[in-house]
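Next come the structures, one after another.
In the two complexes below, subunit A is the common chain; its partner is subunit B in one and subunit C in the other.
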Partner chain A sequence: MLDSIQAIIDRLFAPEILLTASIVLLLLFFKYRKFCTQNKWMIMLILGGPVVYFALSAFEENFWIQFSKPDNLPITLMLWLVIFFVWLAMRKGVENDERVAAGMPVAEDTKEQKEKVFVWPDLIYIEFLMLLAVFIGILVWSILIPAPLEEPANPQLTPNPSKAPWYFLGLQEILVYFDPWLAGVVIPSLIVIGLMALPYIDPNPRGNGYYTFSERRYEIPIFLFGFLILWILLVFQGTFLRGPNWNFYGPYEYWDVHKIVPLTNVQLSEYIWARLLGVGLPAFWLVREIFGIILLLMYFVALPVLLARKWFNKFYVQMGAVRYGIAVFLFLMMVFVPIKMYLRWMINLKYFVALPEFFFNI
Partner chain B sequence: MGRIKNSFNELTRSSMWKSVFRHKLPRDDKNRALAILTNVFFHLHPVRIRKQGVRISYTWCMGGLSFFLFLVLTVTGILLMFYYRPTTQHAYPDMLDLSESATLGLMREMHRWSAHLMIITVWLHMLRVFLTGSYKPPREFNWVVGVVLMVLTLLLSFTGYLLPWDQLAMWAVTVGSNMARATPFMGVEGPGAQLMQLGNVPLITAGSDVRFVLLAGRFVGEGALLRFYVLHCIGIPFVFVLLLAVHFWRVRRDGGISGPGKGGPLPL
Partner chain C sequence: MAESKAAEATLDKGEAEVKKDRRELLKSIPWLGIAWGALAAAVGGLLTGILRFLYPNVLFEPPQTFKIGLPEEYQVGEVATQWKDRYGVWVVRNDEGFYALITVCTHLGCTPNWLSSENKYKCPCHGSGFYKNGINFEGPAPRPLERAAIVLAEDGQIVVDKSRKFLYERGGWDDPSSFLLYTA
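Here is the complex of A and B:
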């Protein structure tokens, strides 16, 4: 009984199901935000559920091995904190939206909240107590759990799995689907550039200095999709669910070095030339990869134009061509990551454009 | 009790006390203001602030905690530097010494756990700033500075990751730095690297690409350890502190902590 439950949960944590379920849950959270932040049972489920799940699972041997690694502890802590703070912000946002709908000022803008207080003592004391609490926390943590130290560095002995530092594991995870020049260089650079560009490409002047959802119903879902799904979730997955040879292992699954996962990925060029047209691959690279190149050009060049004319027309008019172009490129690039993942899962697509002769694979 | 209070009052009247604290005990509004104004550290704050900006449910206190953790990391890091030699011969044995020979040795623990925590608090700080829309005018530029500080936080942690010189350190940095090989035009296995030629001489080789610059070698070894050590202890913290000063200064200049109706640009 317990074994079959564990087997089912293991299956549910497979990358394709985990990503899909997380996106669905996030959308449901946005849609039923009032229910999720105000219903007593939902609050218990959202904030208590993960704690109960981790606490119960800790009794399972294989789960405990990963969970109890000293360096994984902060990641578990982070998961809960991220859930809590997103929930808290949404709760305050929903409250404010209701106040605005009722013609009242937001909770941060009431007469009482606008009053000024002296920084000494009101703010200094909060800061002091917080840093004291955190300092005591670090001290206790340091006394209880020694900093791990493995065997001395040995260039001859590659550990399996070899993992990057935990905060880069989201990037290592998309390395499964993208070439290193994209997953390791271009995508992280675009994340940083995109974050920096954010204030300049966000055309919405509302929601400055208070929690809200309704007044920022495009920005918040897009940002949280990137932060929660494409960053935090992938860090979690890379930490707890990726074992030897970077294979997927369920939370209760033993990290068996000999687990064999067949590699059956197929290039787009092979799909079209060999399987669809029934001819051999052309020798010249441009002809061979022409379909993938056209597809990518349609996605990154034609689609923005199409969107500007139809669904994103409002933004195009509001932002002007340059700002719109940058914003929509960053947006499409972000969506490109899950698209590629789904294509891998559904049709085993390896690359849209495969030019190993130039180290250029997309 | 009364005697202690009397002698304390006596002390606050002494000329030495007055030379240090330019105000009386902060029991009235004037001295509360002076307590902030006459202290270089408290002076990061304004004297008075809207109630909404103090509430922990609004601020989550994450920015302040990130800074506090940075201070903890600096202090524990300085203490660790007394014990640690960044050479392949000494690094690992020094780690063992730290855990076995240093009396009450908690510094490595505190340094490591604070480092993990700081990354989390920085991310949560960014999340809070986003969800309150605090990057909007007039704070756009300070958000950009904040993004750079976040990247530097990750790089600080990444460079520190190598220093224990154990298997985890070496291979995590190997995996991370292997990505640099694929940098377009600048990595030996990056797209466009073949175009970088002078005549028939390739400019980008395994001995001259961006990964070689990062590691001071073709693999993670002696050169990389020293390079990461200097970057971790001096290079990145130097830039970090400069930007931190800009970040804090701009919070004040741009009107203090964000709040409703404080959107407009500030007069000079």
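Here is the complex of A and C:
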């Protein structure tokens, strides 16, 4: 009974199911945001559910091994904190949206909220107390759980699995699906550039300085998709689900070094030329990769134009060509990451365009 | 009184002259030139030091060319892993001869492991997998492992030269130095 439940949960944590389920849950959270943030049972489920799940799972041997690693403890803590703060911000946003709809000032604009206090002693006093609390917390933590130091590095002996620091595990996960120059340089730069571009893409002054959802009904889901799915979820995957030889393991699965997963990758050119058309790969690289190049051009050039005409027409009219172009490029680039991940998991697609002659692969 | 006054006057005059001389002297030194010179010397010295740092007196690196013993010491169909630690190569013998694969993953440079039971090299960093001959088949590695030059020395031992690398995608594996023909 318990074994079969664990097997089912292991199956549910397979990457394609986990990613899909997370996206669906996030969309449901946005759609039923009022229910999720104000219903008593939903609050208990969202904030208490993960705690109960981790606490129960800790009795399982393999789960405990990963959960109790000194490296991994903060990740569990972080997961819960992220859920809590997203939930809290949404709760306050929903409350404010209701207040605005009823013609009342937002919660941050009420009289008692606007009351001013002195920096000294009111602020400094609290800050000092918090400083002491954090200091004591870190001190106790460092005594109870020693830092996981290992033996001196040996370039000939790579640890298996070899993991980046936790905050880079999301990037390490993306590196599995993209070339190093894309996953290590272009995508991280675009994350930073995209965050810097946000206030120029969305100059709506309403919603500044208070929690709201309805004033940023597209921006918040897009941002949280990038943050929660493409960063936090990938950190979680990299921490708990990636085992020896960088294979996926379920949360209750033993990390068997000899686990064999068939991962033979196929290029798009091989799919089309060899499997679909039944002819060999053309020798000249431009002919060989022409389908992938056309596909990428369609995605990054034709699709924005099509979207501007049809579904995103509202944004195109509102934002103008330049701002729309930047926003839609950043958006498509972000969506490109999970698309590539799905294709790798489902049809073992390696690269759309593979040009090892020029060290250029997408 | 008058005498002393006159003396004072000459003294004053002399002091003024001395002061004037000192000022002239100070003015005559090209301070700006000295300052720029000193700055240039300091920066130049720093740069020289940094450049010197790039050329250490002693290099603790294994030699790039090394002998790995007689061909008979290797089994057909086996991947010899005993040179991985010291020189960073796998030596593989098949029916036709030998080749030496460099133990650096072509994705981001980790050191893969030879898994004999799975018959593949597997990288623990991002899961790239290579067949025994070095061809990449799984994970993110974009190209096969690189091969080092391998020849027979006059004393009958195999010599591997890591400074000469052969890349499959550049057609390097067709080069006679990338493969040591040997049948016994």
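Worth a mention:
Just so we're on the same page, the second predicted complex is superposed on the first by the 361 of 362 C-alpha atoms of A that agree within 3 Å, B and C clash if a C-alpha of one lies under 4 Å from a C-alpha of the other, contacts with A are read in each partner's own complex, and residues count from 1 in each chain.
In this section, a contact is a pair of C-beta atoms (placed from the backbone, for glycine too) under 8 Å apart; a residue touches a chain by one contact, two chains touch by 3 or more.
Nothing here was measured: the structure is a model prediction, and the numbers come from that model.
In the superposition on chain A, A:L157 makes contact with both subunit B and subunit C.
Of the two partner chains placed by superposition, A:F54 touches none, neither subunit B nor subunit C.
Subunit A is touched at more residues by one of its partners, and among subunit B and subunit C that partner is B. In the superposed model, A:D179 lies in contact with both subunit B and subunit C.
Looking at the shared chain after the overlay, A:F227 reaches subunit B, while subunit C stays out of its contact range. Of the two partner chains placed by the overlay, neither subunit B nor subunit C lies in contact with A:F329.
In the superposed model, A:W255 lies in contact with neither subunit B nor subunit C. When the shared chain is aligned, subunit B comes close enough to touch A:F135, but subunit C does not. With both structures placed on the common chain, the touch criterion links A:A354 to subunit C but leaves subunit B unconnected. In the superposition on chain A, contact of A:F67 is made with neither subunit B nor subunit C. Shared interface residues of subunit A (contacting subunit B in one complex, subunit C in the other): 155, 157-159, 162, 172, 179-180, 184, 359. By the touch criterion given at the top, residues 71, 74, 77-78, 81-82, 85-86, 88-89, 92-93, 105-106, 108-109, 112-124, 126-127, 130-131, 134-135, 138-139, 141-143, 145-155, 157-159, 162-168, 171-172, 179-181, 183-186, 192, 195-196, 198-200, 202, 205-212, 216, 220, 223, 227, 355, 358-360 of subunit A touch subunit B in their complex. The part of subunit C that touches subunit A in the complex is made up of residues 84-85, 88, 103, 107-108, 110-113, 115, 117-118, 122-127, 129, 137-140, 142-143, 169-170.
Considering their complex, residues 26, 29, 32-33, 35-36, 42, 45-52, 54-58, 60-61, 64-65, 68-69, 72, 88, 92, 95-96, 99, 106, 108-114, 116-117, 119-120, 123-124, 126-128, 130-137, 139-140, 143-144, 147-148, 151, 154, 157-158, 161, 164-172, 174-176, 178-184, 187, 189-194, 219-221, 258-263 of subunit B touch subunit A. Within the complex, the subunit A residues that touch subunit C are 155-162, 172, 175-180, 184, 244-247, 258, 260, 263-265, 351, 354, 356-357, 359, 361.
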